[in-house]
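First comes the structure, then the notes that go with it.
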Amino acid sequence: MSGKIYVAHDALSGLLDDLSKKFRVWIPQMMDQASGHIAFGVYAPGKKPELTRRSRLSPKKILFPSTDTLFKFTHVKDPKDPVRYTIDLKESFDNGPTLVFGARPCDTRGFQTFDQVFLKGQYKDVYYERRRQNTLFATLVCQDSDTACFCSSVGSGPADMTGSDMAVIPIEGGYVIEGLTDAGRKLVEASGSAPSPEQAAEAEQIKQKTAAMKVGEDDLTGYADDLTRRFTDMDFWREQVSPCITCGICTWVCPTCYCFSITDEASGMSGERMRSWDSCMFYLYTLEARGHNPRPTKMERYRNRVGHKFSYFPKKYDGMVSCCGCGRCIRTCPVSIDIRKVVKELKETADDRA
Amino acid sequence: MSSKSDAKQEREIKIVGFLCNWCSYGGADTAGVCRFRQPTDLRIIRIPCTGRIDPLMIVKSLIQGADGVLVSGCHPNDCHYAVGNFYARRRMEVLKRFLPYMGFQSERFRYTWVSASEGQIWQQVVTDFSETIHRLGPNPGLHQTVDSAPAVSWF
Amino acid sequence: MDDKTNALREHVKGIFSNLELVLGWEPGYDPLHTRPFYVRTESDIDRLTANCLSVHNLTRYLAKSMNAVDPAADGRKIGVCVKGCDSRSLVALIQEKFVSRDRVYVIGLPCRGTLDARRIRALVPDPARIRSVNAEGDELVVETDQGISRFALDRAIARKCLQCRYPNPVIHDVLIGDPVTPRLKIDAENPSVAAVEALSLEDRLLFWENQLDRCIRCFACRNACPLCVCQNHCIMETRMPKWLTQYRNMNEKFMFHMIHALHLAGRCTECGECERVCPVGIPVALIKEKINAIIYEMLDYESGIDPEAVPPLLTFSPKETGI
């Protein structure tokens, strides 16, 4: 078989119904009509996937939940000597078969960043690893870029299928879904019927055309050393970062931000150890116990954020820029700070600014 | 809320009471010394003065599942710290009017003034409030997920 | 707000030598966005804009990002551009002594309304094609690469603007533009609050739970609020005492918003920034508007009008009765 199927628009929910018998299927959905808020949610019959508009929040939470119970603990008193107790630990894993349907290349690319940090290297993050192994990605070939998108600027693109198991290509009347990995092909072939030669040709043409599109005019991949050079230029950082309100929205919506905090939430004799998202934009992020804070103002913190994505991460991981170019930070920033502008202006020299 | 029969009330009603140390706690003590009997649903927390109460303490109690919250302090003009209950009176009233807007039953929150010698009044207050809470039933708390909700449009 | 860019630039050029810096707006990353901008030198002045996209409340920076209390050594002031709603926030900051009146030079801009980016998307099918937007009187003029369309301004402005009672700055050293007639009288009922109160008690709870369920506890509403000055030391993030845990369930989200709203009781000036910045579109300002209505009804007080007034929950009156 060709590893491709065709699904008409009105047959899409039927396909998702079938898939949800085998997987927990996540789709981008309209969460609230009044505010137009689109985010990823679990598919249930009757829920309509939103595939023509971008989601505000990334699908990061599917593999990296905003709060994640690592284990539960209970203090159990020794009945013979109640002063003594043992601690009973119960691991907590949530890793059933999962399918992410309708993410875009920028979303899936976000997980490439996670993979470098959580899977490669000496210590693996077991929680992420188990979820990752059990998740398949059916990624849209993206036709819906806007003024904030810049995936091509960071080494990706609107048809970049790195890390995806299936490509979902929008054509006239519906979608052609193409399996890319073994698991993807197997699933595709079991889920529907092949497209006609015309449909397959149209899909291929759309895929090629999209792959040739440049979303974002600049190339932002070579700025690692420029950041180092500009590290202490506080006038530059003041100019760029003055409007920032350190709310952290950029880090919450970002598909590649992976910082977390671990806390114990207990009451009485039992509780849970939880991992939850943390943000480098907060004052508390680097606040030390004795009161010293190496990043006391938003300038140092934003410098760290840009530095991490465009300088420290590429230097550590073979030039791979951690940012995926989705533009969510730009769109959701309350004061429209544009990370592209900050990075590009790293190249200007102090003389240029005279 | 639908009233539940006694047979259905499986868990006991818990009413949280914030009592000021000087008047109301003294009043409760007086009620005890005089052997007045009152319902036992009230769990008292002693605070120095009602002026110390943050309205958020009441909100947190209700969200965490307290069936009722009672605040009691010195009569206005008799505050042990002179002006504490003047502050409290404004904050409590604002909270009382605000709770129904967010969907909470404001009858689950009451604030009164009971002085140290008013043991009998204390008995009445506790009995009356406990009866109100029993009538309202256990606090259902917040829905942890919402399947459908009314839409409101303002455009 | 009608376009006042040129008039603003002219004025600032004339007065800049007396000012240490001016808080204003400059164009953003696309024709639908502007961003806050610090004018620090003369050459910066030509980057200023002031129009219907100037949504940001710049007074937020006065208390949280700089010292606006102590006079500068050279006596120069901090200039700040304010719309009607922003000017109330400034007065509220002065009331609570987070800003000294003498330290700021207030450039007032009467305003008919600012655009809501989400509502624009509903009006123009492909917002990526927009070249410019402009408010002209009661109309919004949108230029796309297919030509010009006109819409009633009311279809594009923010919720708070539709019920605006203070379009003209209540404090200013200069007023740029003519005063605007308010849409609602000062003591008018708040229509959005009334819409929520029209629901039954059970429905109100469901409404708020449904809205607050989307909350991701990003803290943007807190950070954007001019009056939430505790920002880096906020009780919502402290673990001693532990008002909030790290759980992301309904109880925690609801409590978060109750804390935020109640800490602003009697202080909030309805600038609407909290609602604008919310990434998931929760109408958070609507919670505070009800508390403001209660305080107005109970104590005949509105925050941000009289710089000498003390916020009512920070004071008392021994003679009050009826409570």
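Lettered A, B and C in written order, each chain numbered from 1.
The working rule: a contact is a pair of C-beta atoms (placed from the backbone, for glycine too) under 8 Å apart; a residue touches a chain by one contact, two chains touch by 3 or more.
Since the model is a prediction, treat every value here as computed from it, not as a measurement.
**Student:** Using CA atom means as chain centres, which chain is nearest the centre of all the protein shown?
**Tutor:** C
**Student:** Compute the centre of every chain as the mean of its C-alpha atoms, then state which one is farthest from the centre of chain B.
**Tutor:** A
**Student:** Counting in whole Å, what is the centre-to-centre distance of chain A and chain B, each centre being its mean C-alpha position?
**Tutor:** Measuring from centre to centre gives 46 Å for this pair.
**Student:** Provide the C-alpha centroid distance between chain B and chain C, rounded to the nearest whole angstrom.
**Tutor:** Chain B and chain C have C-alpha centres separated by 35 Å.
**Student:** Between chain A and chain C, what is the gap in Å from one C-alpha centre to the other?
**Tutor:** Centres of chain A and chain C (C-alpha means) sit 31 Å apart.
**Student:** Hey, what residues on chain C touch two or more of the other chains?
**Tutor:** Each of 210-211 in chain C touches at least two other chains.
**Student:** Out of chain A, which residues touch more than one other chain, so two or more?
**Tutor:** Each of 34 in chain A touches at least two other chains.
**Student:** Where in chain B do residues touch two or more of the other chains?
**Tutor:** Within chain B, residues 153 contact more than one other chain.
**Student:** What residues of chain C sit close enough to touch chain B in their complex?
**Tutor:** 119, 155, 159, 162, 191-193, 195-197, 199, 201-211, 213, 243, 249-251, 254-255, 258-259, 262, 265-266, 287, 290-291, 294-295, 298-299, 312-313, 315-318, 320, 323
**Student:** Could you pull out which chain A residues touch chain C in their complex?
**Tutor:** Residue positions touching the partner: 31-32, 34-37, 39, 56-57, 66-67, 145-148, 242-243, 245-249, 252-253, 261, 263, 265, 274, 276, 282-284, 330, 332, 334-338, 340-341.
**Student:** For chain C, which residues are in contact with chain A within the complex?
**Tutor:** Residues in contact with chain A: 28-30, 33-38, 56, 60-61, 64-65, 118, 121-122, 127-128, 210-211, 214, 216, 218-220, 222-224, 231-232, 237, 239, 245-248, 273, 276-277, 279-283.
**Student:** Which stretch or stretches of chain B touch chain C in the complex?
**Tutor:** Interface residues on the chain B side: 55-56, 59-60, 63-64, 76-77, 83, 86-87, 89-95, 97-98, 100-105, 141-146, 148-150, 152-155.
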